[in-house]
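Structures follow.
Next come two complexes, and both contain chain A; in the first it sits with chain B, in the second with chain C.
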Partner chain A sequence: MALPPPALTLTGLTKRFGSKTAVDDISLDIRDGEFFTIVGPSGSGKSSLVRLLAGLDTPTTGRLHLRGTDITEVPANRRPTAMVFQSLALFDHRSVGQNIEFAMKMKGVPQAERRARALDLLRLVRLPEDYYPRPVTQCSGGERQRVALARALGSDPEILFFDEPLSAIDYRLRKTLEVELKELHQRTGKTFIYITHSLEEAMVMSDRIAIMRTGRFEQIGTPDEIYRRPNSRFVASFMGEVNILEISRTKGTPHFADLDLPAPQAPGAFAVLRPEALSPGAGEGPSFDALVTQKLMLGSRTQFHLRAGNTALIAEVAAGPRSALEVGQTARFGFDPADIAWVDS
Partner chain B sequence: MSGGRHILWLKVIWVGTVVTALYLPIVSVILASLANTRYMRFPHRVWTLDAYRAAAADYTTVTLHMISLQIALCVVLVSVLLGTIGAMAYARYDWKGRSLFQRLIVLPIFFPQPVLGLALLLSMSALGIAPSWKTAVVAHAVWIVPIVTLVISIRLFGYDVAQEEAAFDLGASRWQVAREITLPALWPGIFSGALFAFLLSWSNLPLSVYTSGADTPLPLWLFSRTATNYSPLVPAIAVIGTFVSGLIVLLLLAVRQLLARRT
Partner chain C sequence: MRRNPGLWYALPLIVAMLLFFAAPMVIVVWYSLMPPRSFALTTDIGLQNYRSAFADGYGRPLMWSLLGAALTTLITAVLAWPTAKILHRHTGRWASLVTALIALPIFISESVRLFGLSVFLMPGGGILAGTLNALFDVQIGTILNTRLAALVGMIYIHFPFMLFPLLLGVAMIPADRIEAARDLGASSWAVLREVELPLAAPGLLVGGLLTFVLCLGANAEAAILGGRAVTVITATIEQRFNYAQDWPMGAALTVLVIVVTAALVFPAVRRIDLNRMLRR
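Up next, the complex of A and B:
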């Protein structure tokens, strides 16, 4: 089966600011219609990268192809792409309708057609039609998000870029908008390239995730791959609370250095163990005694903060009889070595 | 409620006092212009418009206004241009020494104007420049540009420069970005700045005293004729001058109204 050409091809893309390399030799194919998310901490170069892709900056070296056409030198206003900015950058002296119609007005689309299309877009982003004449300054945070999205869609772009647009939104609204954005992606079939510092947000929406660190991609994979098979401690720690156990080989056979447990098959220097893989009771796998130092109710699950020797660990257990342990108690905890993700760095 | 009524009365008295205090001097000048004596005395024995007839017949009246207007318009042009560029530099770029420069530029505002005027006169004579209305423009600009920059900056506060990038990203050319995004955001600040520049220059005395040379702007003439050789011609020309500046401000407001309707 012949694959369609990638929507966007990055070849050795590099951006330097003085002596600092913000984007370091990145090569990548982004498939047509893909929801591709780039996750990284601040300063990782993810915003610099998306600005190169949108044409707001030009790369120091490297090429960028859109469906096989070289667009490296094409400025943003002549690229069939649109960006939703972190600040949203709504035109605040204009109405909702004028914001959405901006790209069409620049193209010279007649007013009646513009208006009809703007009303369609309002429906698409789930805003009532009577928002059309409203000044954007009168819109709430969530409404502004939707206007920004409709405005970007108003240029009928082939690719939509998102530069952390949800970072300033409160948790509940963010969750709603994440789901809506995913649905919108499915409905429009457009290619979405999304930037965020939250792997959790990326997990919900993305087809593929790239973890970025100091200008390079640390790992690229589906949400499941990133979650189950992180390739470094950096990627593993991005998912939030996780146990990372160092393997020591000083005593001849490899063993978990902190727990003083043998680790017969240890293909990596560190074992990454998700909190839910650690559970009370000794099974067939390795087990150890641990003191419960904290117990947190997370709704359907209970989280235990443990201390074994000098090591702090986190375990999460489904609410039920197995979560009956209390702070101050010592209990045996164990894990299945098959749940471990091995990393070398 | 009787307490509320008392407060209402206090408010009326307070506002009345403030308004009276503000307008009484202006009314007195108008009254003074309706006399025919060389000494200010009230009530007048003869009420007359002679002073206005004399002012209208005297070519000096036109010259004074033309010089003041010339200076004020040049100052408006220079200060709006520099003020806009300066304000944009603050809003758009984050450069090294930005806040230091911001402080440095407002320093001349705190400098006593007569001292500033004298300093400028000394510098100009050192450079061999003969003072005239043109040097007065420079002197006014030194004091007014910082104020206008401040006024435009304040109006530009909260302007998200990413709007320009967003417009560019949505297909606007550089020129369209300027016309559709930058100018509409700048316009209220430019208008207030121009108004400030005009009125501050039009009424400026301490800088003009030192730097206008043989050309006499309106406030300078009013000051010297009040100090020596007073006649009702002085308040008459003052009243005419007030009307002229009021007319120009109204004209500016009308222009703004017209531009606001177009967009």
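Up next, the complex of A and C:
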């Protein structure tokens, strides 16, 4: 049985602005119904890429196929896709209902049908029906997010794009909306392509994540793969605090350069060690003495900032007897070599 | 009096407004109620001037003025919209230069510019006709001394008054709203109707009002370019005051123009939020 064509196929997609290459020869298949997230720092080209996908810009070279049909030259208003903008770009001169109905009005859907669909969509994004006649200017930040989402869904798109829509939202609301978005993805079964600078946000929602750097994908994988098997220090450091230890091979056997510990099996140039993989007490694996320079309570976990020789390290321990260490104390810390992710660059 | 210092600070302005704005208005209204061709302000008031304003053929000049103002407003709006869009898109040295070139003629006397346009349009040896004849051997007539010429003059003079408020209006349209509308399936025409015009409406309204009111009071265009083809209401009013020596009739016509203007301006002004316009 032949596989259905991918929802979106990118072939050598490139976008140059003058001498600057924002999107550099990207090829990729995005599966139907996938929640695909592109993560990158500002200036990595992720917004330029999603603008190409939505048809708001045309690529310098490369092709774009939607379910096998070439849509490279099709303008945004004739693509069956919709975007939730970073600024939301709501029509402030219109009501909530008129915003949600905009795409349907453009298609010539009769008013009664539009209204019924808009009320359905309000329910879907968990807004009360009596928001329908309200001016969008009277909505709070989170409500505006939901209106923007309902408006994009109002065009019944095959693919939804999100350009960092949650970046201006406070932490707690963002967490709520992340979960709701994931549920919405499961309920609608549509393909979601999401742009963010937060790998943490991507981890929560995505089926697959692409890490973008200077116009190219550094790594593509499931959240688990990205987390456990980053393929570079760049990807590893994206997940927030992480210990990166260089391997020195100058003195015969490989060893951790900064810790002066032997590293007999070192398949990479750098060892990436998550803070939770580093714990007090010597176990089976390598261990070393470290001075506690800072102790931070993170709720269920305690974070220790350590100094071993000239190296600063971070360890995280579940709250309990093992977190009894205080600033100024020196203790032995160890790790299991199996927890190391090896990278070459 | 110590309780309200604001009133004392405002007093000079209040006196000035009463003397130079309210008092002349009262005098004009009072004169309009006097018997025809009288020069004194008495208590012998009546509405006979207003009756003759509607009966004695003054309606035609007023109609021409209103029609000319409406047409000019419409045409300058249609011309200024794409101009404003282009100037807004290409902000930079080039756009500043073009903007300055459009603004520059405002500092030159209107009559001088209109006589210039008259020389340009003149038949035979006029600039346009003469050049076409000399270079391309094409002979053309002229629109000089027609209603069309008066209208062309009105558009030429009032274009900047539409353009500059409209530039402010166009600047109030965030680019992402246009992209969002396109992304949701809007054609260029739908983007204009659903997003751009409503968002730029304050600028359009200010430009429209400015142009309309100025056109209603304009007479040089009709006098210099229109010849005798068209008589506008301001020319009639001037004639009543000067040649006809009928101050009450001139005053009555003036009051009518003020009433028409006020009926258009006040509802429109109430819809404009100047603060919002200037903040962006």
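Operating definition for what follows: the second predicted complex is superposed on the first by the 343 of 345 C-alpha atoms of A that agree within 3 Å, B and C clash if a C-alpha of one lies under 4 Å from a C-alpha of the other, contacts with A are read in each partner's own complex, and residues count from 1 in each chain.
In this section, a contact is a pair of C-beta atoms (placed from the backbone, for glycine too) under 8 Å apart; a residue touches a chain by one contact, two chains touch by 3 or more.
All figures in this text were calculated on a predicted structure; none of them were measured in a lab.
Taken together in the superposed arrangement on chain A, chain B and chain C clash.
Using the contact criterion defined above for the overlaid structures, shared-chain residue A:Arg151 touches chain B and also reaches chain C.
In the superposed pair of complexes, A:Arg187 makes contact with neither chain B nor chain C.
Applying the stated contact rule after C-alpha superposition, one finds that A:Arg172 touches neither chain B nor chain C.
By the touch criterion stated above, A:Ala76 is placed in contact with chain B and with chain C alike.
Once the two complexes are overlaid on the shared chain, A:Met106 sits against chain B and chain C alike. Annotation: chain A residues 54-56, 75-78, 81-83, 85, 87, 89-91, 93, 102-103, 106-107, 151-152, 154-155 touch chain B in one complex and chain C in the other.
Of all residues in chain B, those touching chain A in their complex are 160, 162-163, 165-173, 176, 180-181, 184-185. Interface residues of chain A, counted against chain C in their complex, comprise 54-56, 75-78, 81-83, 85, 87, 89-91, 93, 102-103, 105-107, 151-152, 154-155. Put simply, chain C touches chain A in their complex at residues 174, 176-177, 179-187, 190, 194-195, 198-199. Taken in their complex, chain A has these residues touching chain B: 54-56, 75-78, 81-83, 85-87, 89-93, 102-103, 106-107, 151-152, 154-155.
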